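You will see chain A twice below: alongside chain B first, and alongside chain C after that.
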Partner chain A sequence: MATDQASTRIVIEPVTRVEGHGKVTIHLDEAGQVREARLHIVEFRGFERFIQGRPFWEMPVAVQRLCGICPVSHHLCAAKAVDPMVGGRTLTPTAEKVRRLMHHGQFFQSHALHFFHLASPDLLFGFDAEPATRNVIGVAMKHPELARQGILMRKYGQEIIRITAGKKIHGTGAIPGGVNKNVTTAERDELLDGYDHMLRWSRDALSLARRYTLDHLAELSEFGSFDSNFLCIVRDDGALDLYDGKLRAIDPDGRLLFDQIDNDRYLDHIVEGVRPWSYMKFPFLRSLGPDTGWYRVGPLARINACTYIDTPEAEAARREFMALGNGRPVHFSMAYHWARMIEALHAIEKIGELLHDPDLQGDDLCVTGPRAREGVGVIEAPRGTLFHHYRVNEDDQVTLCNLIVSTTSNNEPMNRAVTDVARRVMGGQPVITEGMMNAVEVVIRAYDPCLSCATHAIGRMPLVVELFDHEGRTVDRRIKNSC
Partner chain B sequence: MPDTFTFLMDGRSVVATAGQSILEAAEAGGIYVPRLCHKPGLVPWGACRICTVRMNDRPCAACTQPAVPGSVVENDTEELRAYRRTLVEMLFVEGNHFCMLCEKSGNCELQALAYRLGVTAPRAPYFFQARDIDASHPDIILDRNRCIQCARCIRTSKDLDGKNVFGFLGRGTAKRIGVNARVRLRDTEVDLTDLSLDACPVGALLRKREGFRVPVGDRLYDLEPIGSDIERNSP
Partner chain C sequence: MPDPSTNERGILLIGFGNPGRLDDGLGPALVERLRSRGFESLTLESAYQLAVEHAALVARHPVVVFADASLTGPEPFTVSRLAPVVDSAGFTTHSLEPRGVLGLALQLYGARPVGISLAIRGYSFDGFGEFLDARALRNLEAAEAYIASFCETARADETSAIIQT
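And now, the complex of A and B:
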């Protein structure tokens, strides 16, 4: 990367307690004020290219290898995209419900992982707390019951994935046109045992996120806050639906930009921009262009954009959350945590509904029919709207693959959040402290980015911050290991 | 030679009949000799050498070597296990075997053998050979990336299906499975009822659109190592 000799440049590399490998550069002008900040994604793997030529039925199993945290999202999204290739646009009730159970289990474990393992150290100890304790071990020492709940909630979600997909990570449950197994009564009973704890702990986690946000509202509402558009899929009546729906986008005031757009037409409405300094693309809404068409996805987008939630406790929580916006969507980045825990509660409520549905024990697992040569799958992953698009030749081999991964859509918003926080905490400061560095990371973590998914990257997680003077000489340098 | 006789295998007395191979006699007696190119019903081939044993201290392929009365055979020794591990590792580095994406995973004899022998990672560098896929047939796919050249499809097609669909082309590292047509699999006589489709020990020859239909936990080698079915017959 070129060093701007007329300014001071700060590099945070890589960002910690997120999935994947990225770095932040912050450029200061001569007055020490932040001129520009960028989140760079510095790794590349190229899944879209190397799966070309492979048979389409491998996609749900192959492409999920993008990620170790939310592979189920890719597994199901790819399965949805290749369902039409066996004539399976409408699944059997058993297949759809097993997939939904798998997906909600995935949401539950992923949101628990993020809230308890990645974010809670910042929220419980403060952004500038001693790094030696500001980590998940510190949480376990000071709040052992909370740490235990986080671990067991994640375990519960992983058990749902194991039962529905065959393995806790990188399973094979969803196949083109359906699923390869149902849920037996013994497996259902195993999940029902302990369900009440999960529901109660989800309420407690939501309460914690809500209380934290309200207690620090003045500070948080100015921290990484900016107006944006929001995108997600919703059910045909506008309800939150994490597994299936059609595209909806709203503007910063909550007005519909479009609604009920068929997933097959996503390219009519979304464009992927490219910038030379990052391997991660910059999607935007075609109708608004790159300057104003960027949008946010994920829990905050879904809670802001859906008309309602069809589970009672999550809906009550949504209503209270939306009151923060005074009639507009909620825009500050740290509100993601509260929204995420509303979704965790929704996920466990949905899991409860599904576990009592006898369709889970059905034997009609797969459908076939007239085969298509192209398919688009869209799903709400824990981190936001996820697109898988495949085209195959007459021999069933993939000829085109396009993935728009959740974190990719949050690229521009994360850059804006980083800039905003850098200006607040680093502007005019002669020395960069560890707390300042962590504040920048805190706002990135609010988005729960999965940089591996977004660029399909792997990497280590130490953190290096360098402070350069106007002539490019290093005046300060700090290193910390992953925490 | 008597019609029935015995020999010693790893200290156990094994009953054999005249003309029976060491592998067949051992199997009948509940002793598993690792193998890849051998398949019951086919003429022994002796190509993969995984079944190498020591008979009276002389290495030989158990699938092709007839049992000899009173002989002493070593099978499950550390020396032979190490030798077999190396052979399996060589197969892994020569082909492009990505088990995590392969629909044969859990039912694959190569993968199962690697697990049984304790292969964790190959010690030799991968070849990363460019191998092509013949997906031209509407219902069958031939993925040469995974072929280990055991010739089970060749022999099954010729001897059991009576079709002669498959054959080897080239030599050395360029050796590959070819099809009995000018260009593509779709122009051969192969069809879905052919026994050759079930002869492949790996994921090289497959029926299309059936991948991953067997859930994890129900696959052949999910619950016990390859060879366990033979060992259960041990007297």
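And now, the complex of A and C:
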């Protein structure tokens, strides 16, 4: 175990109910107060290097191996990045709408899984509840209808993915320049069959997240709260668009830092910083530098930064949500849950629109044209803005691969959130209690991080929480079971 | 979508693991082999990891076999009974353990399928590639023969009873 000679350190591992694992170290000062907390991601896979030399058309399938949870986001983002390599910058209506349906299905199932089965135990039972009940089984026992709804919402999203991508996991639906299948009327009718339940349950889930946030506003608004910039893609009129758009960033007061930036120019505006103690990078906005240029992505960023939402129920929910900020963006970390359920409602509204669009049954699936040797794909994944960038040689082999995944962009914010919460619950404490440990985990979970994506990791990623005193001695150390 | 309260006859076999991670793909490889043989008494499902929605599927079957690669243990495979877990053990990431899936099936649907672990011994996990170690392949063949022996000799409704013994 590493030691820090200047302070005391607390380590928490594993952080439970996040995808992958990491480690939290908490450093105390001489007065026993928290000086700094760090979320470490300790595994490394080097996926960007591994992929070099492979043919570009493999990318939409190969990159899904980054993750078993959000493979569709990687699948579609890689497809968008390699579309120009077959001359497919503008897709056919059928191809674009099948991809959008797949993407919104992914959002729906991912947000449902997170809310009902990862976050709801914290929200329903409280941060300090007994670990034996504060889990998905506890939810199943006390709120079985809610747990069943969560399962069926996730299944519905998975069925959309199966129909559009060919498989629930690691499908092949999106190909360079388009898609390899449309949605038949029988498949459409199968999805329409369960639609009304999904819409109703999405409203209920949003209502639950809203009510929880408002009922605990005083506590939550101080929990893992800090000002930040926000980044996402938006449509050309500023509307929320989860599948395609141009880059927009706002400052902590909601003022535009930049807007409508072409995805190909992302490196002009975003820098990936590194720090010696983590394999995860620390992206920041080039114009502001590393100290003040870090930003948040994901549901909170998107709801804060978009001008409006183009589906009626989600737009009404966005307006009510934004009122929390009194003219500024909403900054507290636990607001991610409410924002996430606004997006789940938006996703199911969009799914309804698409299912009634006859373009889904079209036969014009692919386009080709003058080929490019480089492509950048940007998409809003459930956890935030996702970047895929490829360059190929004359033999169509990938020579450069750069990925900035959502959790990486939220790296600095998660560290800030962990530090804030650690200061509130751990200062002056000689040991790590279950409640203290979970408070740190709760704020990390609000960001729904996917740590295996973030480090492109291999193997198991256990997470530890360690507490160190001001002389670098371990005061306490806790480990939780991991799968 | 299927109603989880609808019981289906026969065995559900879920093979889970990552086929892109060498021997970790033993479970899905078993599913593919059995699928090609077309046993009527078997319902087959392949997954990278077990998740909450598997509880609804599990709840519809009287017997569920969870086929996974094992890092250690006897060759060629081990078979053991699984009890549903209803506490917090193992509920960590987005994925669940087999006992947790059984626990959810019990809590949400009142279903008590017989849970069986089929742990196929693997050897090579640290790397990428969609192929199996030669020893793991032999173990896979033995596991396939074990499941097939029941399916070939018994009717669908008898298979469940036999494999439980």
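The rule is simple: the second predicted complex is superposed on the first by the 454 of 483 C-alpha atoms of A that agree within 3 Å, B and C clash if a C-alpha of one lies under 4 Å from a C-alpha of the other, contacts with A are read in each partner's own complex, and residues count from 1 in each chain.
Note that in this section a residue touches a chain if its C-beta (ideal position, glycine included) is under 8 Å from a C-beta of that chain, and two chains touch if they have at least 3 such contacts.
All values derive from a computational prediction rather than experimental measurement.
In the superposition on chain A, contact of A:Thr185 is made with neither chain B nor chain C.
By the touch criterion defined above, A:Thr90 lies against neither chain B nor chain C after alignment on the C-alpha atoms of chain A. Touch criterion met: A:Ile169 reaches chain C, while chain B stays clear of it. Within the superposed three-chain model, A:Arg154 lies in touch with chain C and out of touch with chain B [touch as defined at top].
In the superposed model, A:Gln33 lies in contact with neither chain B nor chain C.
More residues of chain A lie in contact with C than with the other chain of the pair chain B and chain C.
Shared contact residues of chain A with chain B and chain C: 65, 170. On chain B, the positions that touch chain A within their shared complex are 100-101, 103, 133, 135-136, 141, 208-218.
Residue ranges of chain A in contact with chain B, taken from their complex: 53-55, 57-58, 60-62, 65, 86, 165-167, 170-173, 175-176, 180-181, 366, 395-397.
Against chain C, the residues of chain A that register as touching in their complex are 14, 16-21, 50, 65, 68-69, 113, 116-118, 131-138, 140-141, 144, 147-148, 150-152, 154-156, 158-159, 169-170, 193-194, 458-459, 480-483.
Residue ranges of chain C in contact with chain A, taken from their complex: 1, 18, 20-21, 47-49, 51-53, 55-56, 85-97, 100, 103-104, 107-108, 125-126, 128.
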